[in-house]
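Letters are used for the chains, namely A, B and C, taken in the order the chains are written, and counting of residues starts over at 1 for each.
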Amino acid sequence: MRAGVQLWLGVLLTGAVMLAAAVSFIWTPYDVTQLAIAAKLQSPGPDYLLGTDHLGRDMVSMLMVGARTSIAVALVAVGIGITLGVPLGLWAAATRGSLTDEIVMRGNDVIFAFPSLVIAILITAVFGPSAINAIIAIGIFNIPVFARVARGAALSLWTREFVLAARVAGKRGARISAEHILPNIANLLIVQGTIQFSLGILAEAGLSYVGLGTQPPTPSWGRMLADAQTFFYGTPRVAVLPGLAIVLMVLGLNLMGDGLRDALDPRLRKTVQ
Amino acid sequence: MSGLQAQGLNLRIGETPILKDVSLDIAPGQILGLVGESGSGKSMTALAVMQLLPGGSICDGTVSLDGDDLTTLTEAQMCDRRGCDVSMIFQEPMTALNPVQTIGFQIAETVTIHGGSRAEGAARARDLLARVGLAQIPLDRYPHELSGGQRQRVCIALAIALHPKLLIADEPTTALDVTTQAQILDLLKQIVTEEGMAMLFITHDLAVVAGLADEVAVMKDGAVVEHGPTAQLFARMQHPYTRALFAASRHQPQRQIQAAPQPLLTIQNATRTYRLPRPHLFAKPDALEAVSDVSFSLHRGESLGLVGGSGCGKSTLTRAILGLEPLQGGKIQLDGQSISPDMPPDVRGRMQVVFQDPYGSFNPRHRVRRILTEPFHLQGSPTGLEARIAEALTSVGLSPQDADKFPHAFSGGQRQRIAIARALITRPDLIVLDEAVSALDVSVRAQVLDLLADLQGQLKLSYLFISHDLTVVRAITDRVLVMAAGKIVEEGPTERVFADPQHSYTRALLAAAPKLPEAAA
Amino acid sequence: MIRYAASRLLSLVLSLVAASVVIFALVEVVPGDPAAFMLGLNASPETVAALRAELGLSGSVVSRYLGWIGGMVQGDFGTSYTYRVPVSELILQRIWVSVPLAGYALILSTVIALPIGILSAARRGRPVDYGIMGFTQLGIAVPNFWFAMLLVLLFAITLQLVPAGGFPGWEAGFWAGMTALTLPAIALALPQASILARVMRSALIETLGQDYMRTARAKGLSEGQAICRHGLRNALIPVLTIIGLQFSFLLAGAIIIENVFFLPGLGRLIFQGITQRDLIVVESVTMLLVFAVITVTFLVDIAYAAVDPRLRRR
């Protein structure tokens, strides 16, 4: 019951932000590449629904286009994590106890022990700040997360009798992983995916805020907060709005993740009751 | 009134009725055996007495202990009674103790929580460990340092610390080996007599209560169907369900002896060592010899049993026979062809397996059709696949339409039939039955045993029947191997081994096994 | 226990080596000549050559790596190109802001989160639980630097209770220093406390379903007693893991938060290094932060063994 409410609230919030981002490709109230210094820091009104920023750009349009950037960065980073991390984790589980498993897992531990944002900062510092480098920096740290989740869940499945039965039928590690393991851990991966998605949004915002992520003139929520840094004492709106957008998106994703987990995993539902 | 009197217990969880008018009566110094199959409500009866029912339960009736009605007590008053007047031990000794605290602390806690000082608690814990036969174990041991039987003794120690008037034992020996079970049962019986406490002993095993309880109550679907002194109950068996349960427990399927002289499976000097997990990355892993120098053969059409306690190496041997893991020494041959993880597909297809857990045997996301055809993975699907599927399902008593269902649509017994159908589909010579009926209730077990016996006769199958359950092995096999500590210690025709065991281990195993009384006339 | 500690120590050393190689390699693969990169496009070849010599860029990659590591082991982090002072001096000045800030935040987060998480688990499914879970759900979603900006708006600009930023230095007195760090620490702690409270709650609820909790109830412990005496210590294992990981997040978070509050910490030092292309500073400070995080991970592993006797035997 409550899981359902969470899930739908999450889907609603995330969906609304995603929709705004999608619409921004074909329409925004104003063109965000057009500066209008004369109209800078306008209060909300009939012309500008949420006012303008310090360069006279419409806040609504900025938020819509910003959503696009933030979502793209986080989504691609999750994609990197899943495409590299999940096969690694499955491989480690299929060869559990072997040297391969040891090396994959120790390697994971090493990356896990890194302060991710610090390394992300280093990467962007060395290769120059850009959205692409931010994606890579965030994505790399998604790999061990997915590898761990995949391996942990796969390990318990490997002891199940249906996997033994498949081995008796002569199936090998890769085949069993694809046919028996992956479909049964997909739930967990989806849930972890929403969590990493939301962490990616936060990380992109942080990197862009310190000037190491998305570069001007491309708007992103973190970028907008960075721009607001010097104006927000006088005009709190320019800092509050992008922050709220981040909160709504991350909240939506987290609610969706929790709701999905409760809905997909009957074991968890039992412990909550 | 002394002892326990439970009167008219009715329990519902949500809308589901769990207990129907259950009444029990146990005098001090007496053991009441509560017998039933899974879902009969026997554990819920215990929790109702303990007042530890899960949330959402609605229970009425009275539970009186030495004249006090426990159902009228507040939760705080009930906490004072639990551990003090009424105690309980559970099925899983491996998880029943807190892993991060010493056994001494956990035993002493029963004393300290009811107002004793730490010193009293520690002294009492020392006495209690000696009382349950663990005098040599220091108090500062952690649960993971003890064996399953030792942990169950610790659980008993903490349950009897304050001389409770009632001890509830919920399947306390089900997770243990037969020999350990016999020791724990002796200990419980001795404690009940010496302490003069009442005991409610819950089990699925009629043979266990037959040797232990003073009175027996048989439960079915939340109600007690028959109740009486043990000898009298087994002699009369008035309720049809009691008779059915009794018959199923000692069920002997009709079998014909059909073993041919030529060997089908031969195992010569098989040795399998395990690498234990590396302590760290560069350490040399320790090794454990799980199977050492085992040789035997299984004849065409024969049913061969392999028995032994947990950790005797029978599971390891099974994996090697199935070609899942390589041997370090010796060889395994099926009809002259070598078995190893790289054996050719046609050899693999001639041997199939049925596992223990009817719930874990199938990928929950695959339909029965896909599950059944998995053994064709290496050979490729034969022509007339649909007919083969229908044939396999029909032969295990299911209908061809069941192929389109998911496994969760079936009961435990039906699932085990599907597992057998999967094993039959390649028309194998040999089926390895790895504890294949151990997880089933006795009535379902009897049906599956009948099915196995029928199939063996019709299809001229050979069985390797691996089990810890002596009754089942005796019922279904022609010849039996007894395994202990990685070696075969005794081998011979089943009836001969059971009637006249030669090796001391076999004798101990048979002496420890609980026995049903002879059938009533 | 000794074997366990030794195995964790080995893992610590491996992580450190791997981390140093990665950091070194990252700086190595800077497109083109690091000296030219640091000096920018308009530098004359002579200055570039001089800087190369100063940076010790001659010699093989291996000898440069070993030189870098060897120096750091002895406390020599190289010389900052822009400041012309040893990097170790710069770090020493700044570390007294960053580490107390991260520590302050960690303590705040733990002190807030654990009781809330325990309360929530004990009252699971009741209004208090829903309230706490809703609140922490929001807390996780808030970017800490944005929360910091809101705190500044409210407490520094509107209410004028505390300065909006800056750090008077510990010379100005302990309380002056702590006051300056309070808003940043709160901003850092809120999201972490939310995560920790949720972990505490779910870990505790997980233990509630265990068989030994049933044994405890059968002994006569009330539900509360069973939670405190048997649930908590078992639930502590996942909680410790998260506390360890949070130190890493807090250090990284501190880097960003220092920007909001104009605190002269390691974070500001890194950003100055980045903008001024002072790669030696960036490289050394990063390595130092990684060292701190990996050491904390090691300490957490050791703490596991204190909590869980099963690990001691390995």
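By our rule, a contact is a pair of C-beta atoms (placed from the backbone, for glycine too) under 8 Å apart; a residue touches a chain by one contact, two chains touch by 3 or more.
This is a predicted model, so every value here is computed, not measured.
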Interface with more contacting C-beta pairs, comparing A-C to A-B: A-C
Chain at maximum distance from chain C, centres defined as averaged CA atoms: B
Between chain A and chain B, centroid-to-centroid distance (C-alpha), Å: 47
Separation of mean Cα positions, chain C and chain A [Å, integer]: 21
Where chain A touches two or more other chains, by residue: 106, 273
Contacts with 2+ other chains: residues of chain B: 281
Where chain C touches two or more other chains at once, by residue number: 11, 14
Residues of chain C that touch chain B when the two form their complex: 3, 6-7, 10-11, 14, 210-212, 214-222, 225, 229-230, 233-234, 307-310, 313-314
Contact set on chain B toward chain C in their complex: 50, 52, 75-76, 79-84, 87-90, 92, 95-101, 106, 109-110, 113-114, 142, 144-145, 155, 158-159, 279-282
In the complex, chain A residues that touch chain C: 2, 106-107, 109-110, 113-119, 121-123, 125-127, 198, 202, 205-206, 209-212, 225, 228-229, 232-233, 236, 239-240, 242-243, 246-248, 250-251, 254-255, 258, 271-273
In the complex with chain A, residue positions of chain C that touch it: 11, 14-15, 18-19, 22-23, 26-27, 29-30, 124-125, 130, 137-138, 140-143, 145-146, 149-150, 153, 157, 164, 205-206, 208-209, 248-249, 251-253, 255-256, 259-260, 270-271, 273-274, 279, 282-283, 286, 289-290, 293-294, 297
Touching residues on chain B, where the partner in the complex is chain A: 55, 275, 277-278, 281, 322-324, 345, 348, 352-353, 355-357, 360-365, 371, 374-378, 419, 422
